[in-house]
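Chain naming follows the written order as A, B, C and D, and within any one chain the residues start at number 1.
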Amino acid sequence: MTGSNYQSRVKVDVVIPTNTRFLGLVGSIGEDVAREIDRYSGDREVLGYNLNLVLTEAMANVIAHGSNHRRNGGIKISIHVQENELLIRVKDKGKGFDLKSVPPPDLDNPTGGGLGLFFIKTLMDNVQYHQAKSGNVLEMRKQLR
Amino acid sequence: MTGSNYQSRVKVDVVIPTNTRFLGLVGSIGEDVAREIDRYSGDREVLGYNLNLVLTEAMANVIAHGSNHRRNGGIKISIHVQENELLIRVKDKGKGFDLKSVPPPDLDNPTGGGLGLFFIKTLMDNVQYHQAKSGNVLEMRKQLR
Amino acid sequence: MNLELEEIKNATILRIKEKRLDAHNSPEFKDRMLKLLENGNVNIIIEMSEVRFVDSSGLGVLLSGFKNAASLKGGLILTGLQSQVKSMFELTRLHRVFKIYPTLEEALGQD
Amino acid sequence: MNLELEEIKNATILRIKEKRLDAHNSPEFKDRMLKLLENGNVNIIIEMSEVRFVDSSGLGVLLSGFKNAASLKGGLILTGLQSQVKSMFELTRLHRVFKIYPTLEEALGQD
């Protein structure tokens, strides 16, 4: 880890109540971060929209499927701009699910459902979901180049 | 702490490199947070500008006066929307200073200097600076009503 | 949710005066569209030039409005999509389902 | 830093094409103003309608430009301040130091 690499790292951790009212706030923060990433060769406005979208979809899924109403400590989101990669983590305390077994939506016969994970998988380079007793986490990575 | 109070809390922690390039990012995050505060009777755009400003001034002071170049871990900022109050913390690892002994600027004979802490003290309701071996922290509070 | 309604000859224009159409406001948007359809306004033109951002639930609600209007022998068309919003329709291929016109004027000309 | 220069009769218009004038770009802004003054352009009109945000270092640099221009028997005037930016001048009472005109047209009329 050299000084100059270190210099370009940004980390944002957010906790919001388990409420759709705050989706826009975290989405906007994602857009702000995208605008500041200096070493991205693509369109920064498009990257901003896409981060806004994957953050929104991941949080909406936590609210719809991943909440534990007895033990509600809000939603934890982290956005980490590393050397060559952007890492977004969204935690949940629900019963979890198997990311790999969720079928892709049938885009030729659209029902309007199942598009959230489709966007996340399409717009990010690597998506993993880790389950643990202490909590689950959706990890979404995007290469920066 | 009742459920409904709890529901409205938002916390954002940011780490940026010790570089003025990132002032705008954190300022924008402050504006985003201000727009989402539901229980604020004043003008939310004005609050947004003011949070942007006090964050910018505090970070610029860390870069100018509060950095330790041997042990540079970036600048840590936290924005905490609590029940009745907004709390902003900006940490530094410099030699610290005595907030109370900084004289107010002479606005009748302006030199352009000393306006940063003037803005911070004028726009926030309560400002404290705590020094410790482990690091110093500037705490700025604003009542929400 | 801020929506503006305008009745014109043979159609109702529904203007979305929000920057986002997402999981927060799409349930209310769905209700408002259902009420319109129930009241016999089955030809709906959605004007969304102020909308900067649409998520999957927003797309889902627009699709269900489209299907409901069609089942009542009506129609639902979209106008004023910002370019990034349009990309979401292309990515999901929903641009092949909806009739999409750049502006309200063009939509009215074609209606 | 994005600045646009225009020479007109008896003055130089300096347009700040940035959303922020802060500790990040104000040192460069100061240098550019000093160069202008050194080259004999001592009457400067700063047009800042695109500037959404000014911090204490931005105010400080504008003040030093004003003082330097005055010491060279010139002048520095400001136009196009957004309302929140104007508030910063009022809070620091710097609005009593600078000549501030709402628009460039008005500044030119008064020049």
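Simple rule for what comes next: contacts are C-beta pairs under 8 Å (C-beta built on N, C-alpha and C of every residue); 3 or more make two chains touch, one makes a residue touch a chain.
The shown structure was predicted, so the numbers you read here are calculated from the model rather than taken from an experiment.
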If you check the contacts of chain B and chain C, which chains show up for both? A
Chain A and chain B have mean C-alpha positions lying a whole-number Å distance apart equal to 27
For chain A and chain D, let me know how many angstrom lie between their CA-based centres, rounded off. 42
How big is the gap, in whole Å, between where the Cα atoms of chain C centre and where those of chain D centre? 46
Contacts with two or more other chains occur in chain A at residues 21, 24
Using the touch definition from the top, which residues of chain D touch two or more other chains? none
Which two-chain combinations touch? A-B, A-C, B-D
Provide the residue numbers of chain A that touch chain C in the complex, in ascending order. 20-21, 23-24, 27, 45-46, 49, 52-53, 56-57, 60, 63-64, 105, 107-108, 110-113, 115-116, 118-119, 122
Spell out the residues on chain C that touch chain A in their complex, using ranges where they run on. 19-20, 22-24, 53, 55-57, 59-61, 63-64, 84, 87-88, 91-94, 97
Chain B residues touching chain A in their complex are 6-19, 21-22, 24-25, 28-29, 32-33, 35-36, 38, 72, 74
